[in-house]
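Alright, structures below, take your time with them.
Shared between the two complexes below is subunit A, which pairs with subunit B and subunit C, respectively.
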Partner chain A sequence: MKNRKKKTGFIALCVTPAIVLFIIFMIIPTIDVFRMSMYKWGGYTADKTFVGMENFSKLFTNPKFYQAFQNSILLIVIVTLVTFCLALVFAAILSREKIKGQNFFRIVFYIPNILSVVVISAIFSAIYDPNQGLLNSFLSLFRGEADPILWLGGQKLVIYSVTIAMIWQAVGYYMVMYMASMANVPDSLYESAALEGAGRISQFFSITLPLVWTNIRTTLTFFIISTINMSFLMVKAMTNGGPDGASSVFLSYMYQEAYTNSSYGYGMAIGVMVFLFSFALAGVLNAVTKREEIEF
Partner chain B sequence: MKLKRVLSVVMAGAMVMGMTACGGGSSSESGGSAAASDAKSSAVESEAAGSEAGGSEAEAAGSEAPAESTGLSGTLKVAAVETAYGQDMWKEVCAAFEAANEGVTVELTIDKKLEDIISPEMKSGVFPDVIMRAVGAESGLTETFVKDNNLIDLTDVLAMNVPGESVTVGDKILPGFVENSITNPYGDGKTYLMPMFYGPCGLFYNQGLFTEKGWEVPATWDAMWELGETAKAEGIALFTYPTAGYFDAFLYALLHESMGNDKFQEALKYGEGIWDTPEAQAAFDIVEKLASYTESTTPANANDNDFRKNQQLILDNKALFMPNGNWVIGEMADAPRADGFEWGFTALPAVTDGGERASYSFFEQIWMPAGAENQDLGKAFIAFLYSDEAAGIFAEKGGAVQPITGMTDKLDGDNKLYYSIYDTGAVAVMDAFATTDPVEGITARSTFFDPINSLVTGDKTKDDWVNQIKSDSDALRAALK
Partner chain C sequence: MRKDEKNGGNPKLVKVFIYLMLILLAVTILVPVAWVFVASIKENSEFYGNPWTLPQGFHFQNFVDAWQKANMGEYMLNSVIVTALALALLIVIALPAAYVLARFRFKGRAIWNTLFMAGLFINVNYIVVPIFLMLNDGDMFLRKMFGSPFFLNNLFVLALVYAATALPFTIYLLSGYFKSLARDYEEAAYVDGAGYFYTMVKVIIPMAKPSVVTVILFNFLAFWNEYIISMTLLTKAELKTLPVGLMNLMAAQKSAVQYGQLYAGLVIVMLPTLILYMCVQKKLTQGMTLGGLKG
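Take a look at the complex of A and B:
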């Protein structure tokens, strides 16, 4: 009994610093975001006025917020779907198949992840350049010298241009994560499946996919969080929300309002919406992807 | 057992919350780093970024000044943004002020990202005494203080004698620089922001190309459109712009030309029905037509990352004119250029034949936050900045020109070209949109300037643009100070 008490005391002692830090740097600031969203505040001085839910009612009537919301959702959906599929397929090929230069491909796919967003945006602005860009130069082989396509200048096109950069950046990271869990699937399962006459594709769907499902579920939450964060960085570095707000996303709109329009409280209201939205989306995704865990 | 389960659920919940909190809350940090990528979002702001400052330590330039007792003492906290002019001039001016006032110590904070340095202290209630930061910066630091009524009235500084001289500050400053809506943001006849360094903004072009082709720089917009057709035949676009933000100086000057000063002042206060007047419509028509003459790839590069590519169009003779300020010369100093390239600079063409030609005069401001502790000392410091001694240091060490009498006579070379624009008949415009309480979701930039990108790409019509201006103006008018 005494021993157990001692043990509990020791554990409590060990986790206290972490919990204290967690409360100070996570819980309190989060609550503070909620609190600040009910104030009208410029952000630099101590003058704050309590306005209740006014910031939210303004938010819900502002078309720019909906534009940012739409763009964010579009990015989350497309980036998640495409990255997920590509990463899974590449991981399956690189971990199951014997192909030449396997390590080379692993490195090539992973490199974008090491690059900083500023470098990536510089690379893509060179690719998207309307006059000397890689993409337009290549397309001119088929299109001739027609009007150049404005990859970052077209209102309808710009968000897809950002999407491509984000997918390019993210595939390697998720590929490595899937490869790690695929490596744990015992070869014997594949061998016996092959003996039973299962082809590569049915092996993938009947063995690989169910056995890495837990991992996939975790990465889906990562997708939501990282897309929301990365989209801000990409947009800030590549277009700054332009042209004319066509590529603004949740956090770029929040940044614009909180830090450039003297509307810190309103910015925090956007922050609250982002928080609730990502929380809810992660919850929904978690619920719909729940399967009975298969062990091996 | 049950306790353990409850505990683990709570911990897991806290973890998820923490992770999502990261998603929502990390914007400020990431924003900081991303914003560092040289945010040159508006013409007014552009001066803020620029060349690296030389590393040499300030010498006590004022040491030869007689150290008389002025009765001032204490420690003055000065915060200044580091711009293309560099740090040295500020260090020397502070040293000169110290030398002129025994017993005074100046604590200078100077940084390109000034807000990041001084914000944490300000949030806890400790303010610098004097802040040098212009309106129009992306951070909106100055606007926030104006909107929050957190400024000290500096009208009495205008009546103070410039230290060591027999002239008052107010008399020494050029006319117009303290009677505008930027320095008197509340329209109550009181000056809250003092004008510091200024520079004319207008249209930049390749003088060499005009000489080679025998073209005249257009004096009216009609002549401009004719030139547009001539240039188009040669495969050159008439116009480009670095980013839509550069239209601020352009639009102020254009509105002044087309509306005249009275209506222009009314427009700056978002006067009811002002955008429906024929004068305002004439300005919108000009912008619409200019959009149709704009180099077609401009919007694709009109962002903080790629705006230099648009500026390069002028150097490559692919476009004729762009709105800019004289910092563009330093910015493009190392860029390749067409043979015979030579910078040219002009005010905006007149709306009617023989009508007014305007050039926006961009100037930076110095001001004191309401929380400043050493108010008298701060005011004395500001008065000192207009002395010949300080102006000499600013001009010599940084190339910065203050709007004080006699300064333009001392200029030479390129600078003379730009500052003499007003001597050749151009009207100096130096107002900005009136101060309002913060209006959430509406900024001048997203209402007035950003949609010009959409006019060029054809995603919005002039009517869409003007309607947006009208509805946002209604909201801004209601929030006027």
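Take a look at the complex of A and C:
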């Protein structure tokens, strides 16, 4: 009996601090996001008025929301596709081919992942600078002294410039992840495939890809979550949504509404939409990719 | 060799192409990073004109300016304090919790395990606004009661928020390891008369060292590089952390052009993470496959 009491005490002592912190700083704020989305609230004053779904209906008639929505989807699609392909190809090369300096390449490719997003944003601001930027001065070798390209200043171009920075940041991370699961594919499979005359490319599609498919499926969810997240961090530090909202994304729009315009309720409604959207998208992707797993 | 010939295509050509691709990607990653280092020792006047020119001399003054005039020294100290505190809190809180959640049966265990798992999908950037408002409310209350605020503009509270938001990932990673251990370790210790606490601290935790190192590495990078929460919860100039200070430098650079200082500041922010990475890169990329998450 005494022992039992001791055990309960030990358990309580160990988990309570973690649970308390988790409730205060994660669970309550998450519930707050949903709750506040139904209030009209300026923030610093105490008067909140319950408005039900009004914030949401305002949201759906606001072109700025659609702009952020559109940009986010564009980023999710392009960044996921390009990063995915590059990461997969480089992972296959580094784990299947005999490469001199294999370790060196792996180390270098992962570097962007350890840098702060602020650092990456500053680096890309230097690259994209219209007058003294690395990119324009490199391009002037080919196009001469034509008008400088405004990588971050052009309404149309800016979102693609952000895309490139995000891909630059993400490739190494996913590559290392795919390499790890490719290392588990037994060599004997490749050997027998080679004996039957399968070339590199067909080996990749008939052995590597099916066998790392589970891992790929998990990373697809990561792609959605982290692209929504990273695009916010990147845009906030690099363009702050500009010029004129042309590069605003889900969460940067939310942050802007909450702080700059002090409409917290409205901002949280955006948060709820993003929440639901990302879960729905992850669910759909999961369902779509599940069928294909039967292939092997 | 025979294998390659069967592939069709010239094996040498394929190899050359592969190396070209690898080198191309390596160059696009290394050149911008190296350029920042080079730019950090250039004089301000050297920034007008071709950015590809090499520096005329070693202008170390940039670092002195960044450190003193742009307050990067002060910010560095703040970052060190916050990161160290957050890591210490995280380890002290997460280790016992992960151990108990993984290896003891008690009421509510399943619920908490599920909730912490669900926490993996709660993105900090969604909840930063409610956290800010909660702390702000707390401050308003304290100001009324005692006349002085506490929660906002407090490095310790920031560290606490960091630790709390890192809990799901850390517990997930650590309890994964604890679950893989055999029961025998504890049973042997109990037979020897060791208590629960003693067993955890002296027997189990030492075994978990590699996982703990992984946890520290990942969270060090996350805390050191984080800027949204820091920017939101610390508004006083003298309390900023390094990435936020760097953002200020970036903004200031647009009006009063101080390129040298900016790039010196960049080097100051990146260098600690780069050095750490060079020392532990193997551990880090291995740990990633173990943790899997965090993007």
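A few notes on this one:
Rule of thumb we're sticking to: the second predicted complex is superposed on the first by the 261 of 296 C-alpha atoms of A that agree within 3 Å, B and C clash if a C-alpha of one lies under 4 Å from a C-alpha of the other, contacts with A are read in each partner's own complex, and residues count from 1 in each chain.
In this text, a residue touches a chain if its C-beta (ideal position, glycine included) is under 8 Å from a C-beta of that chain, and two chains touch if they have at least 3 such contacts.
Bear in mind that the values here come from a model prediction, so they are computed numbers and not experimental data.
The superposed arrangement places subunit B and subunit C in clashing positions on subunit A. In the superposition on chain A, contact of A:Ser57 is made with neither subunit B nor subunit C. In the superposition on chain A, contact of A:Pro243 is made with subunit B only, not with subunit C.
Judged by the touch definition given at the top, the superposed model places A:Gln70 against neither subunit B nor subunit C.
Of the two partner chains placed by the overlay, subunit B and subunit C both lie in contact with A:Val274.
When the two structures are aligned on the shared chain, A:Val118 is found in touch with subunit B and with subunit C. Subunit A is touched at more residues by one of its partners, and among subunit B and subunit C that partner is C. By the touch criterion stated above, A:Leu13 is placed in contact with subunit C alone, subunit B being left untouched. Of the two partner chains placed by the overlay, neither subunit B nor subunit C lies in contact with A:Ser192.
Judged by the touch definition given at the top, the superposed model places A:Ile127 against subunit C, while subunit B stays out of reach. Looking at the shared chain after the overlay, A:Tyr266 reaches subunit B, while subunit C stays out of its contact range. Within subunit A, the residues touching subunit B in one complex and subunit C in the other are 22, 26-27, 29-30, 33, 43-44, 117-118, 121-122, 125, 129, 225, 228-229, 232-233, 236-237, 251, 254-255, 258-259, 271, 274-275.
Contacts from subunit A toward subunit B in the complex involve residues 22, 26-27, 29-30, 33, 40, 42-47, 55, 58-59, 62, 64-65, 117-118, 121-122, 125, 128-131, 147-148, 150-156, 221, 224-225, 228-229, 232-233, 236-240, 242-246, 251, 254-263, 266, 271-272, 274-275, 278-279, 282.
Of all residues in subunit C, those touching subunit A in their complex are 3, 6-9, 14-15, 18-19, 21-22, 25-26, 28-33, 35-36, 39, 47-52, 93-94, 96-97, 99-101, 104, 106, 112, 115-116, 119, 121-123, 125-131, 133-134, 136, 160-161, 163-165, 167-168, 171, 195-197, 200, 221, 224-228, 232, 242-244, 246-247, 250, 262-263, 266, 269-270, 273-274, 276-277, 281, 284-285, 288-289, 292-293, 295.
On subunit B, the positions that touch subunit A within their shared complex are 14, 16-28, 30-31, 34-35, 37, 39, 41, 115, 119, 122-123, 125, 138-141, 143-145, 147-148, 150, 243-244, 296-306, 309, 369, 371, 438-443, 446, 450-451, 453-454, 457, 459-460. Of all residues in subunit A, only 6-8, 10-11, 13-15, 17-19, 21-22, 24-30, 32-33, 36, 43-44, 86, 89-90, 93-94, 97, 99, 104-112, 114-119, 121-127, 129, 132-134, 137-138, 168, 170-173, 176-177, 180-181, 194, 197, 199-201, 218, 222-223, 225-226, 228-230, 232-233, 236-237, 251, 254-255, 258-259, 264, 267-268, 271, 274-275 touch subunit C in the complex they form.
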